[in-house]
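Okay, got some structures for you below.
Same chain, two partners: chain A is paired with chain B first, then with chain C.
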Partner chain A sequence: MTDDADRSAGPLAGHDRPIVELRGLTKRFGAVVALDAISLAVRAGEFLTLLGASGSGKTTTLRLIAGFDVATAGQILMDGVDVAALPPFKRPVNTVFQQYALFPHMSVRDNVAYGLRMRRVRAADVTTRVADALDLVQLGALGDRAPRQLSGGQQQRVALARAIVNRPRVLLLDEPLGALDLKLRRAMQLELKRLQTQLGITFIYVTHDQEEALTMSDRIALMRNGRIEQLGSPTDLYDRPRSRYVADFIGETNLLRAVVAGTGAAPGLIRVEVAGGATLDVAMPHDAAWLARAGTETWVSIRPEAMTVCADGHPTGTPTPGGARPGGQVVLAGTVTAAVYAGSIVKVHVALAGDASVVAHHTPATAPTPAPGSAVRVMASADRAMLVGA
Partner chain B sequence: MRARFDPLTAALWTAAAAVFCFIYAPLAVVVLYSVHDAAIIAWPLRLGTLRWYGVLAHDRAMIDAAVASLKLAVLAVVIALGVGVPGAFVLDRFDFPGKAAFRRLVLLPLILPGIITGVSLLSFFSFVGLSLSSGFPLIPGWPVVLGHGAALTSVVVTQVFARLQRFDRALEEASADLYANEWRTFWRVTLPGIRPAVLGAALLVFTLSLDEIAVTFFLIGRQNTLPLQIWGLLRRGITPEVNAVATVIFALSLLTIVLWSRMMRDEI
Partner chain C sequence: MSGVAPALGAPPPSDAGGAGGAGGAGGEPRDPAHRARPATRLDRLRARRGWRTLLGSVVPVSWAVTLLLVPYVLLLAQSFWRLRDGVITHELTTENYRRLFGTPLYPATILYSAGVALRVTVISLALSYPLAYVLAFKVRRHRTLMYMAVIIPLWVSYLVRAYAWKIILGQDGILNGLLLSVGLIRAPLTVLLYSTAAVVVALTHIYTPFTLMPIYAVLDAIPVSLREASQDLYAGRWRTWLHVTLPLSLPGVVAGCTFAFVLSMGDFLAPQLLGGNDSALMVSNLVWSLFGVAFNWPLGAAVSVVMLALTLALLAVAGAVEARGRYGQVATGAVAEYAGPI
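Now for the complex of A and B:
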């Protein structure tokens, strides 16, 4: 499921030669398969995020690239050279650790200088490069402090400076913002993205936070059970999820159980029957022809913000409730069970026929919020109702 | 704000004072009698003479014993660290059959009565044919040196192992990630991280070796150690000289503790 997605256009699609390439990378811990033959090509200069729940294999992948663990099988190519057998200190990558792993017995400056000194860079160059790196992360004045005298956010910046001072071509980041509070995390997300663009370093970033991934990444590899479930740009994953798991993991969505009935009334649309008997024409993901076979049991994913709720009997311009129009709209009939106020929107919970239910984001400014118990129609543009794999 | 009289607090203070008296009053007696101006230790105290220290300074046998004890303690530290630190690393970093049993067995010399360790080491050394006086006069004798080293290695293993268990292995990964090979990582990151435990264990081994009697008694050759020499003197009754040597040892111990706590204050 990974190879075809590599062709999906990211912002740096022009760079053909991958800077890091994983081929059939596998890691077993005893009987547990942590990583199941994944293949992935990382483009020079891109911000690639390995996203997934805990145990999905994202950290394992990063540790294999860094060299902290040894792969059971497969290759790790850096600039075309297999480095899988090299120890970490011989690999041209640097890492920002989750808990920062700053050396507690050294000053901030010595921490940052460590990598340069190990590579026997001239003392004068070490001084200037360390000062530059500390300035870059706005810690120029704190070089003499011990790490424990710094706040979490400052320690995070030291960890970053300690890695980028070595001018690696690839920087590995293992949940670097995980220990920070929400506000600081948001600020650091932008900061990291700015640094990445400014320095032109390839970032391989591990996180379990889908919002973080969407904010920063050029491409996201969503991992599940040691495999890459979907690889693509944030928009790809959000708007064209390949599977029910992706649709559910990235953002909020409504999932309706569906059976494929045949081709839709227009190209690109496919007709499905959802639980409760309604027939809908929905969009088919560009690369999932296997889903289109009649009788396939699958799911339809519709984002809450793609839905509008209309009181029944209100003129809508859609003549066939419960059905579809070529290139038109998906319409579902139901009853409001709850309307939950959430600031700028109201989350309207609607029960549909056949035990299904959906949540629609309603903007109170545009129309009155339907009251619980009222019969409504929920509508979405057909191209925003996606057929996804089970 | 003045604290009200609280019977419980008063009782606690009294108990604490009693404990301190119980521990330190005997020491005070020794110190006072070391400057007692009479050959017989009895009331009334006649303070204000250093002549027992003078006697001590001219007691050849006592000085030889002290030198022997210091050599023995230093060698015991060297052996215990040399075996114990790598041993702790093996326990922390590697899995091998019987590891759990070994972890408990390594404590055995600490738990075992010294007399058992002494007897078994004595028969072991006579079995391998190592003379108790071998190495004398350069050192007090190889058997007693090896005996102390063996008996006290477990102190080092337990202390260093406990520290290694708390040591953040990500620091070593960070070092490796920053181009340091295993050797440099050990010297620059791992060792500084466990240094308090290594120094603490060394000090403990030094102190335990210095006042060890049971094992030493079985393994000593021609040269007495300080505790054995003092013990020998005591068989003829407590002399003021014994009080003087006890006071010197007490002062040196106090100095060590002060130095030690200052050293620890700068550690993490």
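Now for the complex of A and C:
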């Protein structure tokens, strides 16, 4: 927990005023609400990701910060100053575009020099700064090329160099790796993170790829229908999702329909009844007390890797299958329907009572893989079975 | 394939190549058991395709030969024939060309025509670039409608449009009537019609859509993100236009200007209807009078050949400029080959 808090605060923690702050930011396109009064404070030096499916409002948010679109309502503060009325060329941010948007009629060097020249930086300084920026993205030798002579990955680096050469305090990135193949994307993720840390620039990064978001971000704002569904560190979102949507969007999970029955056997645990009649004690997210009211219909989320599968009658586990133990173990009884080999793990599909089913990641090295048709118990530590909002 | 072909009576190699290129290779039987039957069918298909190719090329080739190549050759030949006592004799001479360049009238008319064409081109460009810009970037709704409004005059007969200007600019015309009623003039102006200005105005009206269309097309093809990137990099609207939009729209500008210049320089009717006296006649009118009135076909042909040569030269230059400025091809010519082996 403390680890996460430190990490999410970023390198410039203690700086009170956020570098970018959105207050009640709203954008409507005709009758369509693209952005519904979101508020968000971006800390100086952090890597913040706006994550969401298409149409969730993440790109709209970025375009409003850049100044390409005008907000319907709300404020955009940069260093405490409202910039909502400023055109893009007067805002202290730079953008890396989704399709790079390199100027096709200019060489790589002229592309990178563009921003400096527009700000009338001295020619000698332009030359050195452009060379430095190209070196930084390892394209020092390709300055004379035209953009179309470069590969996708190289064009992406040029776009990055063209933005960071201006030393912006905030860099906006709109799915910058979306057009690259998986292998290149993974390599660029690490390189982007390295650059961000090295240069100390605040990154606001838009992506729909949850894995990318988890890999790179200090904090993630998961967006849905023009609102921020949850804001937190990657571990916050992964381990303590607030809603069924977050749990499902970030990584794989098993969701079990549940009704709150009362408090659990230990502090921090809450008793729920899942479909099929079993009663479980599960963990409650620290900020979700509203869920705890008896009778609330909601969901329990358990990650596949948090589960272990034991053959029925195995000495370990609980004597009362389907119940909860004071030690904080969730146990569910079921029947294996399939065991799918996936390299380092086997994905064991288990049918539970009441039409529910779960997938558990089983490590073959630790125990034999249960055969399809066999009766098993699926177990998870209670603090990894999370009660989430509907 | 080589194993199949002889058994089938050896289809001509050109045929085989054509079938392979058109996806015939995909259907080539690999399994020896299936060789005979489908291959025969394939052979028939090839023969039929060969016929079709032949038939398909005969029509356009003969069309081009009879309607384009032959007339041009005849025109060129005509320009080297001699006119003796009003009779065209088929003996070769360069007299027509010597007379053409030796008599001040002919170069002067060509220059005058070029001057009119240049004015038409400049005005058309000045009118259509801003309009194309607004259409491409500023108009969100009814864009097609507005574009059509500009293009629709093209569907009206050329003659109607030229005559319309006669009605507007004539002595009892709309413009004189308006000026009289407002009280700006006391007597109708006679200088409006039958002047170089009238020709320029009418030609501008007629050929502006031709400059607008290619300019609109290139502007419309420029991704919004490029202009946004420029603004993101501290360039205001004006500098964004100067450094990004303008260079990327140059191919369209060159194409549009070429249209306006070439078409108006060769125009025949507008000067005839609106140009009035002989001094306002353009080179096409000269050619027409040489063929129709003076019956000096060889000299008329020589003027035509010179005009054709000038036009082709202009098109070649425009084509070269356009190719160099085309989207993203900047520096890909020489630089690409230079940078390639490194």
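As a convention for this text, the second predicted complex is superposed on the first by the 375 of 390 C-alpha atoms of A that agree within 3 Å, B and C clash if a C-alpha of one lies under 4 Å from a C-alpha of the other, contacts with A are read in each partner's own complex, and residues count from 1 in each chain.
Just so it is clear, a residue touches a chain if its C-beta (ideal position, glycine included) is under 8 Å from a C-beta of that chain, and two chains touch if they have at least 3 such contacts.
Note that the structure is a prediction, hence the values are computed from the model and not measured.
Taken together in the superposed arrangement on chain A, chain B and chain C clash. Residue contacts after overlaying the shared chain place A:T308 against neither chain B nor chain C. When the two structures are aligned on the shared chain, A:T61 is found in touch with neither chain B nor chain C. Touch counts on chain A: comparing chain C and chain B, the chain ahead is C.
Judged by the touch definition given at the top, the superposed model places A:S243 against neither chain B nor chain C.
Within the superposed three-chain model, A:S217 lies out of touch with both chain B and chain C [touch as defined at top].
By the touch criterion stated above, A:S107 is placed in contact with chain C alone, chain B being left untouched. By the touch criterion defined above, A:Q149 reaches chain C but does not reach chain B.
In the three-chain superposition model, chain A touches both chain B and chain C at residues 66-68, 87-89, 93-95, 97-99, 101-105, 114-115, 118-119, 148, 162, 166. Those residues of chain C that touch chain A in the shared complex are 223, 225-226, 228-236, 239, 243-244, 247-248, 325, 327-332, 335-336, 339, 342. Across the interface of their complex, chain C is touched by residues 66-68, 87-89, 93-95, 97-99, 101-107, 114-115, 118-119, 141, 144-149, 162, 166 of chain A.
Residues of chain A touching chain B in their complex: 66-68, 87-89, 93-95, 97-99, 101-105, 114-115, 118-119, 148, 162-163, 166. Against chain A, the residues of chain B that register as touching in their complex are 168, 170-171, 173-181, 184, 188-189, 192-193, 268.
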